Each structure stands twice: as C-alpha cells, then as structure tokens.
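Below is the structure I would like to discuss, written out as structure tokens.
The letters A, B, C, D, E and F name the chains in turn, as written, and every chain counts its residues from 1.
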Amino acid sequence: MGGIKMRIKVIVPVSTDIWNKMIEEAYSKHKDPDTEITIVNIKKGPESIEMIYDEVWAELEALLEAEKAEKEGYDAVIDYCFGDPGLMAIKEALDIPVVGLCEPSIHIASTLGRKFSVVSVGGMKAKGMVLERVKSYGLEHKLASVRLVEIKVLDIKKDFDKLVEALYEEAKKAVEEDGADVIVLGCGSLLNIAEILQKRLGVPVIDPGLAALKYTEMLVKLGLKQSKKAYPKPYEKKRTM
Amino acid sequence: MGGIKMRIKVIVPVSTDIWNKMIEEAYSKHKDPDTEITIVNIKKGPESIEMIYDEVWAELEALLEAEKAEKEGYDAVIDYCFGDPGLMAIKEALDIPVVGLCEPSIHIASTLGRKFSVVSVGGMKAKGMVLERVKSYGLEHKLASVRLVEIKVLDIKKDFDKLVEALYEEAKKAVEEDGADVIVLGCGSLLNIAEILQKRLGVPVIDPGLAALKYTEMLVKLGLKQSKKAYPKPYEKKRTM
Amino acid sequence: MGGIKMRIKVIVPVSTDIWNKMIEEAYSKHKDPDTEITIVNIKKGPESIEMIYDEVWAELEALLEAEKAEKEGYDAVIDYCFGDPGLMAIKEALDIPVVGLCEPSIHIASTLGRKFSVVSVGGMKAKGMVLERVKSYGLEHKLASVRLVEIKVLDIKKDFDKLVEALYEEAKKAVEEDGADVIVLGCGSLLNIAEILQKRLGVPVIDPGLAALKYTEMLVKLGLKQSKKAYPKPYEKKRTM
Amino acid sequence: MGGIKMRIKVIVPVSTDIWNKMIEEAYSKHKDPDTEITIVNIKKGPESIEMIYDEVWAELEALLEAEKAEKEGYDAVIDYCFGDPGLMAIKEALDIPVVGLCEPSIHIASTLGRKFSVVSVGGMKAKGMVLERVKSYGLEHKLASVRLVEIKVLDIKKDFDKLVEALYEEAKKAVEEDGADVIVLGCGSLLNIAEILQKRLGVPVIDPGLAALKYTEMLVKLGLKQSKKAYPKPYEKKRTM
Amino acid sequence: MGGIKMRIKVIVPVSTDIWNKMIEEAYSKHKDPDTEITIVNIKKGPESIEMIYDEVWAELEALLEAEKAEKEGYDAVIDYCFGDPGLMAIKEALDIPVVGLCEPSIHIASTLGRKFSVVSVGGMKAKGMVLERVKSYGLEHKLASVRLVEIKVLDIKKDFDKLVEALYEEAKKAVEEDGADVIVLGCGSLLNIAEILQKRLGVPVIDPGLAALKYTEMLVKLGLKQSKKAYPKPYEKKRTM
Amino acid sequence: MGGIKMRIKVIVPVSTDIWNKMIEEAYSKHKDPDTEITIVNIKKGPESIEMIYDEVWAELEALLEAEKAEKEGYDAVIDYCFGDPGLMAIKEALDIPVVGLCEPSIHIASTLGRKFSVVSVGGMKAKGMVLERVKSYGLEHKLASVRLVEIKVLDIKKDFDKLVEALYEEAKKAVEEDGADVIVLGCGSLLNIAEILQKRLGVPVIDPGLAALKYTEMLVKLGLKQSKKAYPKPYEKKRTM
C-alpha cells in the first residue's frame, strides 16, 4: 500500500531567498515519500523576522501567498517562521490546513515534558515575539524560559560552530537553571542543529521547521485542519493594497 | 494654571473616511481643552475591520502612519480600532505613547468590576479577534462573555435605533446571564451609545473610542509610555513594500 | 526515497481481545507504508476502562507489556486507551517514545481551535478520568466540556447507528452550547465515527486512536521521545507481583 | 471650551497630617485646571500603613470619611494609600467613583509592559499587603516581584538621597533579574521619585499617588464609576462604633 | 492516654449575642472532650455581616478581641464569620493559630471533590464578599458557583423550614447545573442544616462553623499555626481609635 | 462527654513492613484517645515508592487492601504514601473517607501561608511524582519549589542526623531563595523530623503522616467523605489479576 500523496506549499515570509535551498534540502530528507514540497519566499517584506515589528511587514504578503496556494490546489500551507506571522488570519482565509512553526513545536514539546524553553537567535529584542506566541497558544504555564543569543538571523550562516556553541550554552542553562525538560529552537533557520544539541544535552530538542513539516503531514493524513468555527471565513468586502 | 498642551494623532486603520467626522465630533466634545486632535484614516487597506484577517490588511499601513506621526512631532498616537491592529509593532517602533482601543477599555473595565463582557457588532465571526486581544492583554479570566450582534460595521449608520436595541439586548444578557459587572463596547464606531446603554442597564458601559482618548491624555500627563524593555526599538534592516 | 521503517507495539490495556481486529483494520488503513504494527491486549485486568478505578486494574499489566516491547526492539509503544493508564510510569520506564490516546488528541485539538470538548461513551461516571487527564496535561483552560453518553464501552458494537446518533447529539451541544471549536472522541473504541461526525458538524472531530498512530509516527520520524529529565529511569529495586 | 469641573476628596488613611502638604503640592502641580482637590487625613488610626494589620486600624475611619465626602457633594474620592484600605467597602458604600492607589497603578503598568514589579519602603513585612492587593485585582500573573527596602514609611523624609538610592537599587534588580518591564512605586509617600528613577532606569516608573489622581479625573470625565452590580449598596442595618 | 487539652476563643464579629448560645450548643456537641470553648461577640460593630462593607465595621473590634485572647492564654482563636473579617491582620498580630470559617471550609471542600459551590443567605449582595475570600485563598478555579438565597442573616431564625428548603433548592442547582461536587454553607449561622442537606443531596455539605472548630483542634494537635513569614508581627507604632 | 470512637486502617503501600512500627508509635502518640489504628503494608509491590513508576507497582494492591478495609468495617482508610498511589481509584471504590498524605498536607499548608515547598528524600527523580500530585490537587500556583535530597527512602534510617541536616539545608533554601512560607515534608517515612525543622526554621513544617491522621479524624468527626459525584462507584464488570 502506498502513502498519502500531498502537496505542501512552504511560504518563507521574508524578502530574501537565501533560506530556500537549505529548507529544501532539509525537507527533501525528512518529508514522506509521497509528499511534494514547494518553497517560496515573499517578494516584498523584511529580510528577516526578529520582532513583532518585522511580522507586520511580512503578514499581508504571506497571507496573499497562502491564498494563492489554496487556489493552486495545494493540500496544506506552512507559514515558515517561528513568529507565525499572520497565522490566524491565514487560518481564517483558508479551507486547507495551515501550520506555523511555533504552534506545532511547542505543542509537541508539551507532550514530551512538563516545561520547555525556547532557545534562539535574534537577541533579547526577539523575546516579546516569542512570549506573545506562547501566550496566544495557551501554553505560557509550561514555558520555563526564553533564551536568545545575540546573533542576528542574517548572521546565522557566518560561523556555524560559534552559533551551535552559543545555542548550546543557553540551552544548557535552560535545562539546568530554568527547569526546562525540552528545548524548542525558536527560528526556522536553525536547521541541522537540533540533533547536535539533543545528543549533547540529553533532552529532546525540537527543530521547528521539521516539526512543522511532519505535523502538517500528520494533519493531512488525519483529514484535519483548523476549525472554521474558531477561524471563520472572512466576509467579502473591499480591501486594497 | 493651564492644562498640558498635547497633540494626538488618531489613526483610523480602514480605507474609508466615513468615520472621521463622527470621531472628530466626539473627540472635540470629550478632549481636554489643551489637547489637539488630528484624525486620519489609512489610504489602503480594508474598508472595515471585523476579523483577524482584516487586521492583516490594515497593520502595515497603520504602522507607517504611526511612524510618520512620531516624525511630525505628535505627543501620542491612537490606533483607532478595537482589534488594536499592529499595536505591539507600533509600540516597538515608537518612542511616544501608543494606545489602542481594546487595551485601555478592558483595563478600565477591570477596575470597575470583577467581570466584564465585550458587546459589539460584526457578528460571531468577529469573536476570535476579541478573544485574542483579551488573552494577549492577560485579562481572559475577567472576561464574562463576548456577545456580537449580526450587524456589519458598515451598516452601523443605517438604523441607529435598531442598533442600540440590538446591543442593549446582548448587553442585558451579558449582565443577567453571563455575570458581567461592566460592559465594554467592542468597536470604535459605536459612538454615542455607551451613555444610553449605561442608563438603561445600570452598570458601567465603556465607549472604547472615548476611553482611548482619555487614557492617552492621562499617560501623556503622567509622562508615561510603553516600556521599551517590553517593546524594544526594531533593528535596522531592509524592509520593502 | 523510501519512508522510515518503524515497528510500533500497540497495547490495548483491557483483558479482552474484542477490539484488536478493529484496531488492526483501522491502523492498516492509516499507517504509513513502512510502519509495522503489532497489537496486543493485556491478559489480566478489567474488560473495559471507564473510570480511574479501572485504570488501576490495568496499569501494571500495561507497563509490563510496554517494558517487554522495548526489549523486543519496537521503536515506539502506544498505550491504547483514552485514560492513558500508567502512561507516565511507562514514559519513565522506557527509552523509546510512548504515546497515549488522550495526550496527543487534545494537543492536536488545541492547535485547531481555541476550545475543545471531549465526547465519549462510558456515562457520567467516566467524567473524572477525562478531567484528570486534561488537567495533568495542562490544557484544562481549553476544555469547553466533557459530554458522555450513557452507553457502556462493551455495548458499543451493539447498535452502531444509535451510538453515532447519541455521540452526534452531544457533540452538537458541545459546539453550540459549550463553545467547543473542536471535538475529541474520548475512547479508543470509537473507530470509524470521527469522519461521520466531522461531516455532519462542520468542525474537526479527532479520532484518538488514529491520532495516536500518526503522532507516534511523527515523533519517531523526528527522532523525538519523552524527556528523560521529566520522566527519569526508575531506580533499581525489589518489586514483586 | 473649558475643561470639566470636578471636586475630588483625597483621604489619607493615617492619623498624621505630615503628608498632606506634600500631596497637596504634588496634586496642585499635576491636577487638571478645573479640578478642585481637598486633602484630609483620618483623625484616629495608625500613624502609617505598612501591613494588613495597619489597614484594619484605618479602614472604618477611611470609610466614614468617604461617606461624608459623598454627602458633601464631591465628585470622587481617592483612598490615598497603596494598601487601598477598605477600598471595596467604600466602593459598595458610595455612588461616586472611588479610586485607590494600587488598583489604578498596576492596571496602568499592565498596559505599558508584560510584567511589572512593585518597589517600595516598609520592609519585607509589607510584602503580604502588596501580594494580597495584586491578587485581589487579578494581575498576579503579571507581577514580576515585590521588592521592599528596609526603610519605614515614617523615616522617608529623613534622608531623601539615601531613599532614592535604595529604591533605585531594588528597581534595577527588578528590571535586570526579575524581568520587570515597568516599576510601580508601592507607597503614596514616595512623591517626586518616579521621574528620577524613570530617567535612570529607562523603563516606566509609576507614581501611585499621581496615577490615582489622573485615573480619577479620567473616570469622572468618562462618566464612569465602580459597578454597583459588583459593589452593591449595603443593606440598612444597625452598626455601632 | 487522654486527649490534648486546649482552650479556644471564638469571636463572633457582630454586635449581637443572639448567635452565641446556638454556637455554644453546636460546639459543645462537636468539640473534642478536652477542648474548652469560650464564645464572645464584639460589643461594637454591625449586627450582621453580609457584605464587605459590614466587615469593615467589624474588623478592628474582632482584631482587638483576638489580641486579648492571646494575652488571656488561649491556644487558638476562631474568627466566627464566613467573611473571615480581618483574618489576615489577626494572623499577623497573633502567635497562636487563627482560623476563619471560609478558609478551612473551602480547603476541606477542595479535598472532597473537584468543584464546590458556596450556598448561603444574605442575598446576591453578599456575592462579592464570598468571591473575594475564595480568590484570596487561591481556590477560585475550583469554585463552581456562589448561590445566595434572598433571606437576611437576621431573619434566619424566623422560619427554619423555609430556610432549609430555600438552601436546598439552590444547593441542588449548584450540583445539577453548575457542576458542584461539594456544597459549602456560606454563613456561620446556618447551624444544624448541613447534615439535613447532605442527606437529601447525596454530596458532602460542609458546615463552616463546625469545620472551623475541628480544623482548629487539628492545627493545635499538629503544633501548627500560620507562618510568621507570610504573616509577620506588626511593627510597633502609634495607633489610635 | 467522650470522644468519637473510630477505627482507621492505615495502608502502607510498599512490600516491606519496616515502617509499620515507626508509624504505629507515632500514631499512638498523636491519635485521639478513642481512635483505633490498624497498620498494614501490602504483600506484593515495590519495596519503596519514589517515582510514578513505583506507584503503578503498588496501586492495585493498595486498592484491594482498601476495599477489604471497608468490608471489615473500618471508618476510614489512610493511603500512607506521599505519592497518594491509587488514591482517586480508592475514593471511587469506597463509601468511607479515604485520605492520602500529599492531599491533606498541601491543603493545610495552603491555609498557613501563601507559598509552600515540598522537601523530601528520593532524589531529583522523585520530582515528577510530587509535581503531578500538586497539579492534580489544583495547588500548583502555591508551590514555591520541590527540593529533594539524594538519599533513597530505604536509606532513611541509616544516619538520622545526616538526613535531618540534609533536609534542613534544602528547607532553608526553600524558605530563603524560593519564597516558601511553609515546608511540607514529602514522604511518610520522615517521622519525628518536622518538629525539629520547625524549631530551626521558624516556619511551619508539616509531617504528612501525622497530617493525614489528624485530617482523617477531622473528616470522620465532621461526617464528611469524598463526594460520590466526583468519585462515583465503579460499574460492576469483570476484572482479573
């Protein structure tokens, strides 16, 4: 018996395509055999998302891409950023499953331990964005801490070893000082790191990009998508841009 | 001794100017003598905001207007919509006080009783937007209910008496069945109604537009604004639109 | 590229094998192509689990089966009952992923809407078992209601249409009166029902048995399992039975 | 157009008048032009309020003063102590707005950041009083910490510089170690300090006495007062003292 | 071996002695053999306590009686009113155990079921007093409802059968409609009723006066009293009345 | 007047009788004169309970002993282990009061201060068991910390002075660093220690074994037991072992 065929569109809500290939490689490796992946970034918007401010610059473009994806016949959409920019609006707009990075990651974390920490790049300025997401998803009481290294998203590729070491140091403190049972990496660009940290730390470390992929495949296979009672179809009205 | 002089820019985050005059009249009547008010709507965006989806269409334009207002030397900005579209991003961007409609209204409600209900137009589809706001501000445990009449925002002016009656019926149920001590009207377009309902219901009814005005004046006079620790200045980076 | 090969042992923690075939059929249909499923029930214990009392009769046997499964080289274990009997003890004992039915189902529900209801059989006496699970997993604030029809688990097969109708009636009330956005069926024996209810209700309906399967596959593919910091290996000591 | 005329009675619930002039000066400077302020202290009671115990000595006198104020035709009453002694009883008794110091301050703090700390004098013995107030107002989840310097209220005037330095040190720790975004000074006698600390700390610092004044003016202008559903008129009955 | 000898002073914080004998009879019947009970009411204050307002009239007198009791060598003090007037202040003042009526009753209720309701007299105006107590003791999430019959405390003795019937009706609704597993009677004057209701309802019904007695005896036997870290000794200072 | 006669069966849910005499001595000293105590351990099970895993090995045997106790005519049952193994199942099964060690201890703690810590043996591996109990009883928000010394339960008797010192060190940190007002010892084997620690620490220290005894006596005297609405009688069905 074969697997379920499905086509997923991954929307990277930044105005640069530097991540697309990296995501494509990771997704090729981890997707189910019968899953087809298309990765696009938005054409206009911020070059990276590190704060709530950046999200506002990305949301409408991401939303329009998502609406286009549904029209193109995709089975699901991934909003590929840990800030889940515009996610609830896209859930309202679409009748196919829509998945962010933060929402599935922290829910999976919540089933693997009693407390989790989010460890990421972007510096302390990014903390508010993470806190708002966790609060909105109702898992604030399970958040041990948010620890962010002072490396900007666009500098991630500069020195991979230094990046891993910095994340490891914070993740270790999260486990030893803050009481985290599980670590959630807080950025979609931190690919190929979770496994390394998991081995060194001895606790589960979640890669949000991969978590989003497997969670989406799971939803499609289960025939599930966001409740249209919670996220109803928007009214028809005049909207200009 | 005279009052404190201040200039407030009111941004109505919809692409129609049909509300501006109504707001201007209400604000002229309720502002402090030394407050100067400028009201602008956004040029592009949704014609009304009734769901999270609409907010995404309005947020960037509202944000840009707010940034412009700071450069123009305004002392404060009001984001004139109960969905508080883009509010946290604007708080990050600006160094002057930024006030929405939902945030001050429900905090004032919280000081006047133990439970409040939000009563508004926009129909049940608008419920998610209100729930997300109340949750984000951490007052979910004080929310008795959200009751929404099936009248669209753009139809508010069609039949004022019917509108008031419909809102009264829901507000009454909020008080008698849901346990609300205070009613918060959930839309900036519901001017000149709070007072009528308050008299009929015998409990406080908060007009969010007026609450925003007086709350803003209060903050300016107290020399207070959003904490830049909670809402730090965005990084410089390339952002296009 | 082929899928990930994995072997999952499904432990049905009741002393009857009447469900095994039904589960096998459903799992054959929904498992990934490269997943191998083995289904066993416990030899001693209660004939059904409807209350916390029944769980105590099942837990040690389920635990022993799970320990055996790990020794047999399985990649994961499913504790196939919505009461998740002994789940945390099994998580402590094992180094492979262990998944119950309630825990993944309500977490998935939590990502599809703001509030969910559990609808099941077993009668009102079963309510405590459900409440304790939801509380233990920290999602009590998202629980709209628990609605249980007065049909015993062992009578499920007697009249399928009546069963579906009874569940539909309660699920409908959960959605319309209690505010549920999502329905979670609260028993592993309610196979082939979620899809019917989902169509009639128009909101997501989660089959906990299938959710457990796909969630387990997801965890294995992501290289994740319960945190041994939260669920540490038991001490060696004398234990008799 | 002129401002709204209003008369506010400020009740200082301690048996000493040493604060009255200081408050009068601060209020003269910060009140709106058309606001009239009358400041009285209670004749019997504790010479300062630092614990729940002291509050019990002050409450009935404060309540009687408040009832008198309503009869005298005042438009609002301020219960000028951060412990808000007897505040809910006064809200029950009166039909005009009644405002304490803690309640408006922490609600304003809640709109300026995600977490606030209360920093004050009175020593660690005063902590319970603050905790009970914050809990009663339902903002406990936003409280980062309570930090109290070991200076008694009656010693505040002895060495202003030392006082400010001690408060600064605790406020700094609240921001850097406890995660506070906003500082709330926790005593009505700490006038002329918030501004100094705010400049040095770079986060909002709220003076509760001034916050009470501006909040009261705001309520009166909005035509709002405590809900008589939450705080109903007391029954007529025999009460002696 | 004999029991533990102890002397308990019961302070009835109302200015009437009409309850003393009734309490004495109930306490004589339920106290341990070696417990000595002294019952006093306050000389000045409200004739009954039905609201927060009444509490303010009673608190200082109750506090002074409690301080006197400690000097007289009593082993414990009971603050005999469900509003627990001045309880935290008395806990601060005394080094012997101090017990109210609400605090032990709802904690006992919390160990007997998942949700409890408070059912009492005093009418809906009394609701705030109960809500504030439950919130202060941190058990708000276990409160199913507060149901109050429109009979004043001073009219309790007028028609016992009618009183019992009215309480029964509300308690029944609390169990059947609100989800209460346990009923807590919300007034110290409702003696000899819990047993009747418990038989008719089939769920535990707690008499707060008797609960206070047995809880106090338990604390004394266990050598426990309020933590002086939470309720520290008040500072010496001038306090007048 | 004599006391209330009652017979309590104490079930020690471990397969060793080494604790029975120690408990008997402590209970003889602290029980009321007319209370009769019978202490039994289970014949099969773990030799000590330090984790959730151990509980699963003990629960059914403890349950069967409890059912036997009810048939033997006991007035109440104590489940003598801080993990309260199988407690809710026993509450369902029995019509007489059933009391664990954790549940009454932390509820008493909750009435003596605002925050409590659990201090015990068993090492950090035991933390999950304690956390799950506190969460299940709904007092998680009052838990300051869980501090566990790395001494195994079966090694308790080896060096009493070292044990006491180790517990004292952790309890001291709980009070000074974690904010605990009250200490709850987290194991039934820690007899004769609470009093020593209480004297040294100056805050209440609760011995859970003694707390269980006096709480049980209190419930019996008050005619109270677990609500059969919350813990309904199990259905008749086939259960084998």
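Assume contacts are C-beta pairs under 8 Å (C-beta built on N, C-alpha and C of every residue); 3 or more make two chains touch, one makes a residue touch a chain.
This is a predicted model, so every value here is computed, not measured.
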| item | value |
| --- | --- |
| Chain pair repeating C-F, as identified from B-D, D-E or E-F when over half of the contact pairs by residue number coincide | D-E |
| Angle, in degrees to the nearest 5, of the Cα rotation that carries chain C onto chain E | 120 |
| Chain F against chain E, contact positions shared by both copies (same if over half, else different) | same |
| Inter-chain centre distance, chain A versus chain D - centres from mean C-alpha coordinates, in Å | 44 |
| Geometric centre distance via CA averages, chain B-chain A, whole Å | 30 |
| Distance from the mean Cα position of chain E to that of chain A, given in whole angstrom | 53 |
| Multi-chain contact sites of chain E, meaning residues that touch two or more partners | 114, 128, 138, 230-231 |
| Chain D contact footprint on chain B (complex, rising order) | 1-3, 28, 30, 32-33, 99, 103-104, 107-108, 110-115, 137-139, 141-142, 175, 181-182, 195, 198, 202-204, 206-207, 210-211, 214-215, 217-219, 221-231 |
| Chain F residues within the chain C interface of the complex | 15, 44-48, 50-57, 59-60, 63, 86, 88-89, 92-93, 124-125, 128, 132, 135-136, 138, 152, 154, 230-235, 237-241 |
